[in-house]
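In the two complexes below, chain A is the common chain; its partner is chain B in one and chain C in the other.
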Partner chain A sequence: MSALYLLVGFSLLVALVFLGAFFWAMKNDQYRDTHTPAMRILFDDNSPTSTRSQESPREVSQ
Partner chain B sequence: MSMEKFQYDNGIVRNFAIATVVFGIVGFLVGLIVALKLVMPDFLSFLPELSYGRLRPLHTNAVIFAFAGNAIFMGIYYSLPRLCKAPMFSKALSSIHFWGWQLIIVLAALTLPLGYNTSKEYAELEWPIDLLIAVIWVIFGANMLGTLYKRRVKHMYVAIWFYLATFITVAVLHVVNSFELPVSLTKSYSLYAGVQDALVQWWYGHNAVAFFLTTPFLGIMYYFIPKAANRPIFSYRLSIVHFWALVFIYIWAGPHHLLYTSLPDWAQSLGTVFSIMLIAPSWGGMLNGLLTLRGAWDTVRRDPVLKFLVIGVTAYGMSTFEGPMYSLKNVNAIAHYTDIIIAHVHMGALAWNGGLAFAMLYYIMPRIYRTELFSVKMANFHFWAATLGIFFYVISMYFGGLAQSLMWKEFTADGLLRYPNFLETVLQIMPMYILRAVGGMLYIVGALAAVYNLFMTARQGSLLAAEDDEAAPLTTHRGERETALHRMLEGRPTQFALLTLVAILVGGAVEYVPLAMIDSNVPTIAAVKPYTPLELEGRDLYMREGCNGCHSQMIRPFRSEVERYGDYSKAGEFVYDHPFLWGSKRTGPDLHRIGGKYPDAWHFRHMIDPQLTSPGSIMPAYPWMQEDALDYSDISAKVAAMRTLGVPYEEGAAERAADDLVAQAREIAQELQESGFDVTYDREIVAMVAYLQRLGTDIKSDSVYVAGFEKLMTRRVTATADAGGDFDVSEPLTDASSLEAGKVIFDGAKGLCYTCHRTDLGGQIGPNLTDEYWLNGCDLPNILKNIRTGFPQKGMLPYGSGQRLTDEEMLQVASYILSKQGSNPEAPKKVDQQRAQVCETTW
Partner chain C sequence: MGIPSEISDAKEAGQKELCFHCGEVCPDPPVETGGKPFCCEGCSTVYEILQENDLCRYYDLESRPGISLRERQDRSGRFAYLDDPALQRQLLDFGDDSIGKITLRLPQVHCASCVWLLENLNRLEKGILEAEVDFLRREIALTYAVEEIGLRQVVELLAGLGYEPEITLESARPQEQKRRFERLRTRGATQRLAVAGFCFGNVMLFSFPEYLAGPGELAENWRTFFAAMNVLLALPVLFYSSTEYLGAAWQSLRQRTITIDVPISLGIAALFGRSLFEVLSGSGSGYMDSFTGLIFFLLIGKLFQRKTFASLSFDRDYRSYFPLAVAVREGGEERAVPVADLEVGQTILVRNEELIPADCCLHSPLCRVDYSYVTGEAEPVDRERGEILYAGGRVVGTAAEMTVVKEVSQSYLTRLWNHEAFRKEEGEELNQMVNAVSRYFTGAVLAIAVLAALFWLRTDPGLALNAFTSVLIIACPCALALSTPFAMGTAINLLARVGFFLKHPGVVERLAHIDTIVFDKTGTLTTTRAATAEFVGRSLEEREKRLLAAALRNSTHPLSRKLLQELPATEGLEVVDYWESPGRGLRCGVDGQMVLVGSRQWLMENGLLESELPEAPVGTATFVAVGERAPGYFRFGNAYRSRIGALFASLRRYFDLFLLSGDNDRERERLLPHFEDSTRMYFDQSPTDKLEFVARLQREGRQVLMIGDGLNDAGALRQSAVGIAVAEGAFSPASDGILDADRLADLPRFLRFVRACMWVVGASFALSILYNIIGISFAVQGTLSPLLSAVLMPLSSVSVIAFTTMATRLAAKQVGIPQ
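Entry: the complex of A and B
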């Protein structure tokens, strides 16, 4: 069943890459602020015909 | 701080949008065609290229990689630059990515109907296209990573993480699953064999669902639900947990596709455990999406974009609940191989992927065309047609699949299969197949409305190919970093060492794969031998026609399957199977032990026209196999390739391959000719028959396995005899109405006798019933007894198990048979001189 070891190896490799990415994200302060990123994406719409983009996002009680 | 001005490329988004719509319609239509073929096997059957087995992979590939694939790219090319406040890294790369991907799709649409098929599900494309996919995928990844590098927003929004995970994992999956040895430009053999190949394939297959049909669409959900509802995601924290939990768990769940197969138990359990764990992140994500709309459900009523997002995310929740449930062994025992799984995947594809794709189209098209949606009413019609279509589809398939599965497993009080004829269980669910096609039609009607709606939207607006935006640059020392990447790595020994390690691991693995795969091909069952050259060609025809789309070759260790098909499948039987052909769906019966079960003539008739041997069968006919000459010009190369892969062909086998092939083909052809068929040795059908007759026969000659199997058969025959009884009948019926009733039963009403004995009783599989030669006695009590108890080990069913024929009906059939004595039908089956005895019937 050598294919099993092969797949476990590759799966671990992928997991390792993700783990590295996770540590990078932590070190890079990606998750210091977990509130404003969700709001910020709502402000990037500069479409002139979209009426919705003119109004500000509704208040959310968190 | 000065603002930097830049432009988003909407042209590429528009291109992917058009491709999504066009290939979506194509994929759906091919799906409808194959659904109709299951109801009407003759539908569009005039061309080999349009046969079911060849169109099925085209349907799955078109929907997954062309429709969902282009939708993913549309979503990413729209959202990624806006999330990064930076245009895509390179317009040239975007363009190469777009046209490269469409080229792959066109090549798939050409090669799959032509029969170039590796047989590995969702990876059917041959090796040159595999290479092209790898190149284009890397270009897509480079374009994405470059954009991230140039981003003006430091924080990478959660959607971006999902996109990144898609790129990384799919790249690894594709490469590992595509290790194959080319024989010619259009033919290759998987490096892995049997169980190993199955394991790699479903590690790939499962994670293709996870990282091609799930993670990118989750990224899309996290961008487009907040945008469409104009409110932030319910919990951004939860989205981060969702992402990391999902990517770490998903990749271990693959073995749940191989429960009860020859895979080691611990690997099966691993798959089950991780599948159950997946409920948590999946439902966390689904709830996160739906709860974003709390307090704003009124907007869902008005906005078709939100409607499609909601049904998509709801279906995601249902699919990710079903998935873990089907991974439980006891549920899987019922659901696997049936239409329940077909319902499951269509819930995902039609509602989750389709829903999000159309939501994106309705959201993006008006925006990049600077206008409003042409008709909200029409979009609402689309929504309801699609939703209704999905209901029709999945409900009929859940019920049909369950009904058929339970019929496969049902036993009579006497311990015999209640439905020993597989066809009976197929005919039972035909109404469900019809309803499924209706559901598919409704879905397509909705999609066509979307095409018109989107086209009119584009026509009434004008494309803003380059959209202006501005943002402040990032305050890091980007310029310095750009010029001194190498210095940076050198200055950070830990990171550099880690990267090197990864590189070495990848390189090492690539070298290790071929070696490991070949070493492990040491046979564990001595009786299992490589295929003969003719069988090898037959096996390639089996793959060309996509037989494994409907027939499994993996008998699970259940009593119901062993009774129906024969001894359960052992891992050691597949060591020379490059690739494995276990299949995943039983639209027709399992074929692993089909070898030797029927004579060559039966297979010949069955392949040329299944209706001849199995009236009502929904299997397509393969008349071209009788007409077309077998192309065995590559047989030496094929055998040589198999040798390279570690299959123990003898020295010089490759050189002799063509001669061996012709010799075996002549033998089979001669036997077929003697049975009265018009065929020469060099026709495809001969190779096909050779392969089918070989299947699963190797271990019958191995005493260890034979002992267990014989015991089982003995028990079965004993049970059959017990079901019989003493007959007190001495005279056959002679009145015309009784004989007519006997004829009706014989000709198919309840007996199906004629499939083996012919309507003129001349015999084909079973003996001639009109001459003076009899195998098991010719007097009425004996004939009645034979009808009642059958000869299960020879393939004749017991008709007296209380289910099939009443005593009176059996008497009618027996009387009918006797009334045909001496009728001298044309070209009767040859008498088995060794077993038959002359027996004068006295009436």
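Entry: the complex of A and C
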């Protein structure tokens, strides 16, 4: 039965990884624009100039 | 009322060819390029450019996706100010020696073709390295190589294709920062919800063994382990997810008021404190599942409330209307100067269709200014040398030179934003109703909790603390707090689908309590698209009409253009000796006859006898004469939006209606039937007059809804309980809501709907209090088990959410708002 301690801990760890992945995606602005990528699917033959969806946050000049 | 322009367009569309580029009706014969019909040279030029660069897929993705270039103001040097490095720094997101990054607003973006073309800009211009469109925000993020192309050329390229970026005073840095801040705030809310959801789910799992196991079946070491895990998982919920509620409750207590956050925080404290005590003392396993669930549901409500419309802006002031730079003349030289740095005494040059950025004194002999946006005057006015031109006016026709007499922030129009009405921060919260209830609610709950504790102290002291905390736990007004966001959130979603966009859910509540409606006239009740021209005098013969049309074709004056629409098309009539005196009239010979068009004075100066001319009416009138005879004049009237009569007939029964117009009173007679009483109509109102008028109504205790469209209404829109901007084009001033101009006549329906929403909220309050009564009846007996709490809490929340959402939809259906 004590294997359960390990399993519980492990399952929690896996869940935490997913939570972390969600945070990472939010931070990378992946949820900022959820509409335009759906339109880009239509542009099959010619790839658009930018295919970034994981671009780092826009830099700011000081 | 005139025929709405769309109807006549549609009628013609059946017979005429449509422009291959933009889909507008082509002239007869159309401009042809490559066997395709175009409505104008501009559209055909864009087609040629795209064809040369192998970008014609633009026309495959959507049919006729282009932006009409018929009214394009093509003038080189229009974007010259973008060459200025200081200005560039204000606009760029990033810039160094090699690349520049900029985000531009392109209000014209409307379809997949637009996105495709804009993201393939580098095929047209090698200097553009990357382009990414955000469709909902109507924005493009561009990266370009500084050595190959300048910012000015980038913008000119976009403008040439019909996608002219909106670059205004507001585009400069501070606004950018505000938006970034807003984004971080939304992100924070989502992450708090994510943490709460994560913890809630796991706590539920760890709580199941306890609930499912029979008495004594669960070993003590497992019980302790699960309880400890629950405490561990509850910590981030308390210290991260629930901070907004605790902070807000603390704030409201310091201000000696009670908002809904206070009873919620009491519940949070009781839930967490009691659970922690039970686990540490080993007397029970606590209510951590109820606690995390409570926060999770509350945060869903918060997120639902924060619904925003990405493509709309509700807080625009004059800055998003004013240009970023203006041409200043110094010693014969011309240079672009940021409007913000404009100084008194500088001479500026304002060209056709450009905006006067500050109060100025006119140098040029004559200038025509369109003030419709600033003052509400429907027709452009003529100003002569030495007269003061107010900021916000748009120069029509020839360019004018003028001297700045007041700084931008001190001008007639912009001073409005210094008014105290703009200084108070407006709360976004949905408060009134729910906070009114929570005041009594908190008192009642505390009283019940104390009474229960006192009762048990006498009979069974061991249960006293138990009963006290149980009451606070079960009475935590989760369902109460959720009903308003969900009812209002559903309402704004439904309204948005029919073209009525509200800034935040709280506006629904304020809109439901309106008793007085104040209307603006120009641009609100009337359409800016067309004005009607009515002929007064001896009716024109067909031949006279054709001669007039031939003469008017040569004039660029806006009234000439309007008149031309009313006259038959003519071909082949020769016009000789054409002469136009700006602001007065035109004279020419057509087919051997002299044609005169202009003011009454103009006709007299050109040899017509005063006795032959009819008296001049009030307002704008254009006299015409063909040959030696003056048959009469054209009177220009406002074209009212469709179904205005029905709108007023319906509103009049429930609301007090007022009219505030910046225009003169020539439309008084026409509007009188709608307002019934001439003391409800005010003309020649300045922007400040409008604001003060609304404030006066409010001092009488009225809840005022202001409906306007222009910058001159901005003060009144801000001052009123709810300010709604009627939007026809891209711009609308700061307001609580934006109403699609075509939907104005549906306003009574919308107002009925928001009132119904308040009934829904009331009913859901009753429902949630019913749950509380049931819960409290267990709690006072000290018999509230964690299981009962864990069932009752989500049950009440979910059922209240379901009830409000469905009832709101039902209400929408009943007043005829499509789902």
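In this section, the second predicted complex is superposed on the first by the 42 of 62 C-alpha atoms of A that agree within 3 Å, B and C clash if a C-alpha of one lies under 4 Å from a C-alpha of the other, contacts with A are read in each partner's own complex, and residues count from 1 in each chain.
Here, contacts are C-beta pairs under 8 Å (C-beta built on N, C-alpha and C of every residue); 3 or more make two chains touch, one makes a residue touch a chain.
Remember, it's a predicted structure, so these values are computed and weren't measured experimentally.
Engineer: Does the superposition put A:Ala3 against chain B (first), chain C (second), both, or neither?
Structural biologist: first
Engineer: Hey, is it chain B or chain C that touches more of chain A?
Structural biologist: After superposing on chain A, more of chain A is contacted by B.
Engineer: Could you say whether A:Leu42 touches chain B, chain C, both of them, or neither, answering first, second, both or neither?
Structural biologist: Both partners, chain B and chain C.
Engineer: Figure out whether A:Met26 sits in contact with chain B (first) or chain C (second), or with both, or with neither.
Structural biologist: A:Met26 sits against chain C, while chain B stays out of touch.
Engineer: Once chain A of both complexes is superposed, is A:Val17 in touch with chain B (first), chain C (second), both, or neither?
Structural biologist: A:Val17: touches chain B, not chain C.
Engineer: Where on chain A do the contacts with chain B and the contacts with chain C coincide?
Structural biologist: Shared contact residues on chain A: 4-5, 15-16, 22, 31, 33, 35, 39-40, 42, 45-46, 48-50, 52, 58, 60.
Engineer: Any idea which chain B residues touch chain A in the complex?
Structural biologist: 82-83, 85, 153-158, 161, 164-165, 168-169, 172, 176, 192, 195-197, 199-200, 203, 223, 226-227, 230-233, 235-237, 239-240, 244, 247-248, 251-252, 254, 264, 267, 296, 366-367, 370-372, 467-469, 498, 502, 505-506, 509, 512-513, 516-517, 519-520
Engineer: Mind pulling up the chain C residues that touch chain A in the complex?
Structural biologist: Interface residues on chain C, with respect to chain A: 57, 61, 89, 92-96, 101, 103, 112, 115-116, 119-122, 128-137, 141, 183, 187, 190-191, 194-195, 198, 201-202, 206, 222, 225, 229.
Engineer: Which residues of chain A touch chain C once you look at their complex with the stated criterion?
Structural biologist: 4-5, 8, 12, 15-16, 19, 22-23, 26-27, 31-33, 35-36, 39-40, 42-43, 45-46, 48-50, 52, 58-61
Engineer: Along chain A, where are the residues that touch chain B in the complex?
Structural biologist: Touch residues, chain A against chain B: 1-7, 9-11, 13-18, 20-22, 25, 28-31, 33-35, 37-42, 44-50, 52-53, 55, 57-58, 60, 62.
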